[in-house]
Amino acid sequence: MALTREQMAQRVARELEDGFYVNLGIGIPTLVANYIPDGMDVMLQSENGLLGMGRFPTEDELDPDMINAGKQTVTARPGAAIFSSAESFAMIRGGHVDLTVLGAFEIDQNGNIASWMIPGKLIKGMGGAMDLVAGAENIICTMTHASKHGESKLLEQCNLPLTGAGCINRVLTDLAYLEIKDGAFILKERAPGVSVEEIVEKTAGKLIVPDHVPEMTFVEAS
Amino acid sequence: MALTREQMAQRVARELEDGFYVNLGIGIPTLVANYIPDGMDVMLQSENGLLGMGRFPTEDELDPDMINAGKQTVTARPGAAIFSSAESFAMIRGGHVDLTVLGAFEIDQNGNIASWMIPGKLIKGMGGAMDLVAGAENIICTMTHASKHGESKLLEQCNLPLTGAGCINRVLTDLAYLEIKDGAFILKERAPGVSVEEIVEKTAGKLIVPDHVPEMTFVEAS
Amino acid sequence: MSGFDKRVASYEEAMEGIESGMTVIAGGFGLCGIPENLIAEIKRRGAKDLTVVSNNCGVDGFGLGLLLEDRQIRKILASYVGENAMFEQQMLNDEIEVVLTPQGTLAEKMRAGGAGIPAFYTATGYGTPIGDGKEVREFNGRPHIMEEAIVGDFAIVKGWKADWYGNVMYHHTAQNFNPMAATAGKITVVEVEEIVEPGELDPSQIHTPGIYVDRLIQGAFEKRIEKRTVHS
Amino acid sequence: MSGFDKRVASYEEAMEGIESGMTVIAGGFGLCGIPENLIAEIKRRGAKDLTVVSNNCGVDGFGLGLLLEDRQIRKILASYVGENAMFEQQMLNDEIEVVLTPQGTLAEKMRAGGAGIPAFYTATGYGTPIGDGKEVREFNGRPHIMEEAIVGDFAIVKGWKADWYGNVMYHHTAQNFNPMAATAGKITVVEVEEIVEPGELDPSQIHTPGIYVDRLIQGAFEKRIEKRTVHS
């Protein structure tokens, strides 16, 4: 069965390490924060200028001057740092963020990503996404493996205008976890109950399937 | 008679305006701070990262962490700001400093300045001088009109390696105050008792002498 | 009267000289840390054909959204727009030109404008529509594009506390684009919540040194929240 | 043990991994705000053929001058050197290569190295020996030269206060080159006068966010004064 949004977040969270500075995009990436393992400490970077994002505020703590990159009101955890947008993107562009998690429309076998613009639809802008994909050494993209109409989003070459060229090497879809290397997707794990055949069928780009593709396991929340 | 160092500083101080942010180089430029007219407020920028340099500290105030660009211990005046070297030179390079006063070895009629390097002699470096001449819209150079051996320092073309190209338009020497425009020095004022003939003789570059060249006047300190 | 007293008496005086066709750089991210009263004054004055440089363009009826009502903005450089119906409509009607700019590149272009750096190279945007027509150059085996600095006729900035020399501190994430905007205006106008005496702020804790600030005014702020999210 | 605890137990551990041939970026201006104990540790370890990036090169027997005694520096990028007899002698004997770099350009090269900006343009140095061999390009009718970023294998930094996440504050003009150096090291080591608990520093008042800092140590400092000038 395809992974739920929560399971996708859970799987991404396994890539975290203690002491990681992490930037989480909007959507599924945001949910990753809910699955940081006990005893592990991760610091969230919000590109509007906050390192050490905390939980949402109580009514009493609510402050219009304290928001995250999604424009939600947040708090800062003890030991946070707040700075300008130039400093924030110096961190991002300079490769100081350990892990970036973001969504995408399409990924191709050369690590190109399209995530911001669908010609003919209203274009709102790329925000910080182009800086994030160009800057983070370590990016995981999360998206559904195929569109609602069954069209693969893992392509030989992206159709949509790019967000970044050759910068993605890890993708988690609702069906599989894949790495990108030397112009091909490498199937590393599959969702519980999802067959290799289904993944092959729904992957338009070049896919390398190792002899053994382990199934992901998830523990039910108690 | 040629101006004394103090008179040179006094003359330069007449170019100050209330509310000016000023960077003063080492030597005669430093003395300018002693001649800021009463009722006029000028803020001194020190390129190691201090805007609002104050007087030297008393023994009690002495702090190794508070120095100026000449590495002397100083104080900060109330309302000062302290920042990084990158921010300091952003100010300088970005043209935010109203007036820079610095010394020179040679100036030429095209506004080129040589002030940091004498081939064959030990070269210590340019420090912030190249940034200052490239960045300040408004620079006054102070130097003696001629060397000890009588050789002019106001040239057709600088002989020494440059500090900056085409960036100087005002020079105060011990003999005269000159402006530089369209490839020529323009004699604007002469030191008390110094003849136009002497200035002409000691200026190797193209010199334009107006019909009337007023003599500077100085009031003795009481 | 000290030449360093940057205070002006009114918002009218604060935006004196703004004219049609000018470029205005604005601080703020979303509705956080926006110079809301200075924007309102630009609306009141009615300057048209403005080029606005700002990460976003406000919402209907607030922030830079106010300037859309009378079609005062001809062109905007931003990283994310269109949260407001009026913007969307003007964009679809080609009444407003939008130059989408990656957020980090936008911040760096403002900083460069203030710092006398006319252009710089970044990997951001290479291989995307943002890189089209820009010079490409390889550094460390990776292609980068050249981006040029931005300077504004006016910069409008929202600070928290300032002394009357114009030394400014920002509050929390309301800092965002404000420090870079402050450096990049030929005339920089800052509105703050509180003005104190010079000497009251710690010199090492000033975010924007007064040398960048031309005019300073104390105002009252609505500080509208765009996405109110609370912890139950 | 938090993964964000940057504290190390000794100066030996702080400079673990420094090897001959590496590039070291150092904060400090003159003798003000220099990482004096980290420099002394580099001397103790004896790494040779170092490329040092620092505004100055200390004095005889103190600061970076210590590394001259055993000829540990092969090359230095600096804006002003030679205050020390030993430096002068090694320079005259061609034992040390000196790449003189304008002070503002040096600061910007460090910042660019940390910020993922591989190169930028500046008017500083155009038409001078510093511009020789560098690309010249005109912007706004004025020629500029291209300068490239600097990154170090190590950056050594002197802070004032830090929390153990590595968030650092600097004291007065001891700030100088330290914040840029801190961003530009593959391994950034910071020594401070006091380490406090996370949460004790105001988030908006941190000069160097902990993300740039790999190792942190509390030390005792001589803080030698180069030109003691007092007001009688």
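A few remarks follow.
Residue numbering begins at 1 within each chain, and the chains themselves are lettered A, B, C and D in the order written.
Everything that follows uses one rule, which is that a contact is a pair of C-beta atoms (placed from the backbone, for glycine too) under 8 Å apart; a residue touches a chain by one contact, two chains touch by 3 or more.
Every value quoted in this text rests on a predicted model; they were computed, and no experiment measured them.
Any chain bridging chain B and chain C, meaning touching each of them, is among D; the list is complete.
Over half of the residue-numbered contact pairs of A-C are shared by just one pair in B-D, A-D or B-C, which is B-D.
Contact count check for B-D and A-D (C-beta pairs in contact): higher for B-D.
Computed centre separation for the pair chain B/chain D is 29 angstrom, with centres defined by C-alpha atoms.
Each chain gets a centre from the mean of its Cα atoms; for chain C and chain D, those two points are 32 Å apart.
Mean C-alpha position of chain A lies 56 Å from that of chain B.
Chain A and chain D have CA centres that are 35 Å apart. Contact with two or more other chains is made by residues 50, 76, 82-83, 89, 92-93, 134-135 of chain A. Among all residues of chain C, those that touch two or more other chains are 108, 111, 115-117, 122-123, 171-172, 175, 203-204, 207.
Interchain contacts (touch definition given at top) occur between A-C, A-D, B-C, B-D, C-D.
Taken together, the chain C residues at the contact with chain A in this complex read 29-33, 55, 78-83, 88, 91-92, 100, 102-108, 110-111, 122-130, 143, 160, 171-180, 207, 223-231. Taken together, the chain A residues at the contact with chain D in this complex read 17-21, 40-43, 45, 50-52, 76, 78-83, 87, 89-97, 134-135.
Residues of chain C touching chain D in their complex: 108, 112, 115-123, 137, 139-140, 144, 148, 169-172, 175, 203-205, 207.
Those residues of chain A that touch chain C in the complex are listed here as 46-50, 55-59, 62-68, 70-74, 76, 82-86, 88-89, 92-93, 112, 117, 122-131, 134-135, 161-166. Contacts from chain C toward chain B in the complex involve residues 2-4, 111, 113-117, 163, 165, 167, 183, 197-199, 201, 203-204, 206, 209-212.
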